[in-house]
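As structure tokens, the structure follows; a few thoughts come after it.
In this document, chain identifiers A, B and C correspond to the written order of the chains, with residue numbering beginning at 1 in each.
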Amino acid sequence: MMRKKSQSLLGMAFFGPALVLLTIFLFLPMILTLVFSFTDFFALNPGLTHFVGLDNFFQIFQDEEFRRAFLNTLCFVLIIVPLQGLGSLGLALLINKVTHCKKYFKVAFFLPVVMSLAVVSTLWIQIYSPEGILNAILENFGISAQPFINSASQALPSIAVMSAWQGVGYQMIIFLGGLQGINPALYEAADMDHATPWQKFKDITLPELKPLCIFVFITITIGAFRMLVQPMVMTGGGPSHSTYTMVYDIYETGTVNWEIGLASTMAIVFAVFVMILTVIQTIATRDKEEKDVDKKTKKK
Amino acid sequence: MLTKKQKRNNWILVIVLIAASLFFLFPVLWMLANSFKQDAAITRDMNSIRAFVPPALKGNFFDNYVKILTDTSFVRYMLNTLFYAAVLIILGVIVNGLAGYALAKIKFPFRERWLMIIMLLMIVPMETIITIHFLFIAKVGLLNTVIGYVLPMIVNPFNIFLFRQVFVSLPDDVYEAAQLDHCSPIKYFFTMVLPMSKSVVATVSVFTFLNVWNDYLWPSLVFTSGDLLTAQIGLNAITSNDNTTMGQKLAVITMITIPVIIIYSLFSKQIVEGVVSTGSKEG
Amino acid sequence: MSFIELKNVCKKYDKTEKNAVTNFNLAIQEKEFIAFVGPSGCGKSTTLRMIAGFEEISSGELYIDGKKMNETAPMDRGISMVFQNYALYPHMTVEKNISYGLKNMKVPADEIKKKVDWAVQILGLEEYRCRKPKNLSGGQRQRVALGRAIVKDQKVFLMDEPLSNLDAKLRVSMRNEISKLHRELGSTTIYVTHDQVEAMTMADRIVIMKDGVVQQTGEPMELYEHPCNKFVAGFIGSPQMNFYDVQVERNGITFSDGKSIALPDTVTAKLQGYDHVIMGIRGEDIKFDGQNLDVYRETRQQAVIENTEIMGNENNLYFEFGGITSVARVSKYEVSRIGDSVDFVMMPHKMHFFHPQTEEAITVQGRGGL
């Protein structure tokens, strides 16, 4: 009828601008990335493009640089996830407990989050420099000067520590929100049952925070997978490719070397990893809610 | 009520946390203090507590800052970025807001399907398609233009979803009352929906600003010439120049952080809300 | 032709079997105050929203002022509406809320001012002109909603449960204000409510609905005195009418607990041909006073008071009789206590009889045939 038709028109008028932009800047690029990943498309000579099937996928996993980048990324993930995840949880628990200066603590630990990665990286180049402030502090504790980002063995962990420093406040705020959402009556009931502080933490806080923990840890993992700006600003991927990451490889292959076909293949591999993580995150956090609902309905 | 022992423990905790926060913030404190010093003083102070103390407030106190502001195009870069942020906030709120409103309140074909697609798009990492964006912008000759920079950043599935979640709970009867008051749908969106949803508009605006201000990869691809650089790319250009002293570098990164700190202190409620909402989003 | 006319109006939602509203027929005269009343989900609000144009009419015709309105946009139907949750514009002041529609209709500024002044004055909102809705009480918000509706000079007023969010005392005073406003402005009003008291006290005519079907239309006392079926009889009036399953005897009726009442011939004549009927009687037609006990002494009954509701001006007495807990409404001078054994009579001419299956009222002689 008339009314339905006018609603459809109105809907498309409102949704239209977004739809056009989504098509140009999300749907098409996604399809093109998928298509290019099966070709040897070279942007400086597009005429010579061939369909190469799965060749690119074999090629990148044999490619020394990509393998290195992949392992570096995993290594970065392994360092930063426990550091940032447990760090943010610990901070949140302490700040939630404290009665004074709560606001100051929240601001202090959140401050690096609002500084950009490029700014933080630029700052930490100075902090990490051989004659920098960090080495000066270490010297006061009798520790000899460290090369940090100038050595192949220390560069990646150094960047990981810096990244955790930058990001820890973000997850801390999320955990604080979660802690405030726990019903205080639970703790009062536990007090009546003579629970020790450790028991309260183990039997109330942790189970209540569990879905949030899963969410936070996977968020950090996804963020770590996407790491690029820090090595770009600080080390250029070096020394000797020790801080070269997957996204760095995609970026260089695609926009510096113009090998769009190969870059697309890497992007697909990268996207698959990130999307698997996101799906796990969604299922893990939603699963809990559905179980809760099940329990409630069974009780009824 | 706290017992005596709990009170004492609490004070110990406060002191421990203050110490921890000072240690945590040492890079920032060092940056601030030394951004006012000449390089010789920075090196001299490095091994003492003076490394964290700003110099005496004398005539040359702001030298590093003055030098950056007068000798480089940093002010211009900052103004560029502010302009881009303003444009993207306005266009972003309109485009994503209209789409969010359509998904929330207007019955058009495949609405539920579109909502699903928007939610799926939220999980696609931008890094995957940034190469194609770059290729596209280069092909249509928009490299080094404001349009080329802004266009791919307007639409944002996450913001569409955020708007939709807020708009869906707006009361329908207000829309009906407005209809009887001869208010057209588009007028309703701008004069009713947006003012009634100030909080989400503020959240989206603040996050758009932070995103534009802090973004590095996309502007570094689009902008190569000096005039249009964003502050972050300008920062890189200034700090990688050999003539820039360390004190001046620290002054630049301090200045580039100031607008963000101002935004943060003005809108901390929206920021915390936005951060917490990502942690408690459902499905 | 009537001012508003609904002809066989139906509403059927997609993906549902049953109609939300079935064959709604009604003719409304100009300046009439009509109330749609019924339990929640009976289709009264849906009907109102079809008249307003917010719901599509699935079939049937709607005429306002002689013009067919089925496909007309709400704003062009010449109506104004007051919503259950007020639907005020939260970020606008009282004044702006009231003037918004006039501004959109391009009314000249001085005229807008005149109208707003008038509405604000008539509704007693002078002090609150510059406040926003969140700083107003429920009653004040409802006045603003009324103001927004009256300034537009529309011929039809639609009100969708406008008082349901107010507390009991405020509801009574707003009831009077709306009635007064209606008398002064004389605009045709359709008023939806689930509260039969509101309908009874305010409306010229009442439309009672159930499950999407109109049960009865009529003036308040007509519905009260001559309900056309058991549902209407039970819905109108408080406390609810007592309903008994009774067996029809030659000269009276027998209740399920074995008690019998002899009835005059004029009443039994109506029941000819029925075995069983449902007998309904209102609480105030069960009498305890000496005079009535004397007049109807042959049919005098006895019961033990089990519970009382003391209202002050009158009291409700609950007692077990005829297989159900019956309620009688007595004046404050007839005091009974719980446990008292009392005599009472049921006024035979005030009894209502309903068909045991269809629950339609039995009014004509010997229509049954069971």
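The working rule: contacts are C-beta pairs under 8 Å (C-beta built on N, C-alpha and C of every residue); 3 or more make two chains touch, one makes a residue touch a chain.
Values in this document were obtained by computation on a predicted structure and should not be read as measured data.
Relative to the centroid of all protein Cα atoms, the closest per-chain Cα centroid is that of B. The chain pair sharing the most C-beta contacts is A-B. The centroid of the Cα atoms in chain A and the matching centroid in chain B are 17 Å apart. One inter-chain figure worth recording: chain B and chain C are separated by 58 Å, centre to centre, where each centre is the mean of the chain's CA atoms. The mean-CA centres of chain A and chain C are about 61 angstrom from one another, to the nearest whole unit. With touch defined as above, residues shared between interfaces to two or more other chains in chain A number as follows: 4. Across the assembly, chain C contributes no residue that touches 2 or more other chains.
Residues of chain B found to touch two or more other chains are absent.
Contacts from chain B toward chain A in the complex involve residues 2, 10, 13-14, 17-18, 21, 24-28, 30-31, 43, 46-47, 51, 94-96, 98-99, 101-103, 106-109, 111, 114, 121, 123-125, 127-136, 151-152, 154-155, 157, 160, 185, 189, 210, 213-217, 221, 232, 235-236, 239, 246, 249-250, 253, 256-257, 260-261, 263-264, 268, 271-272, 275-276, 278-280, 282-283.
Those residues of chain A lying in contact with chain B across their complex are 4, 7-8, 10-12, 14-15, 17-19, 21-22, 24-26, 28-30, 32-33, 36, 43, 94-95, 97-101, 104-105, 107-109, 111-112, 114-119, 122-124, 126-127, 131-133, 136-137, 139-140, 165, 170, 173-175, 177-178, 181, 212, 215-216, 219, 222, 225-226, 228-229, 232-233, 247, 250-251, 254-255, 260, 263-264, 267-268, 270-271, 274-275, 278-279, 282, 286, 289.
Those residues of chain C that touch chain B in the complex are listed here as 52, 54, 73-75, 79-81, 83-85, 87-91, 100-101, 104-105, 148, 152. Taken in their complex, chain B has these residues touching chain C: 171, 173-174, 176-183, 187, 192, 195-196, 198.
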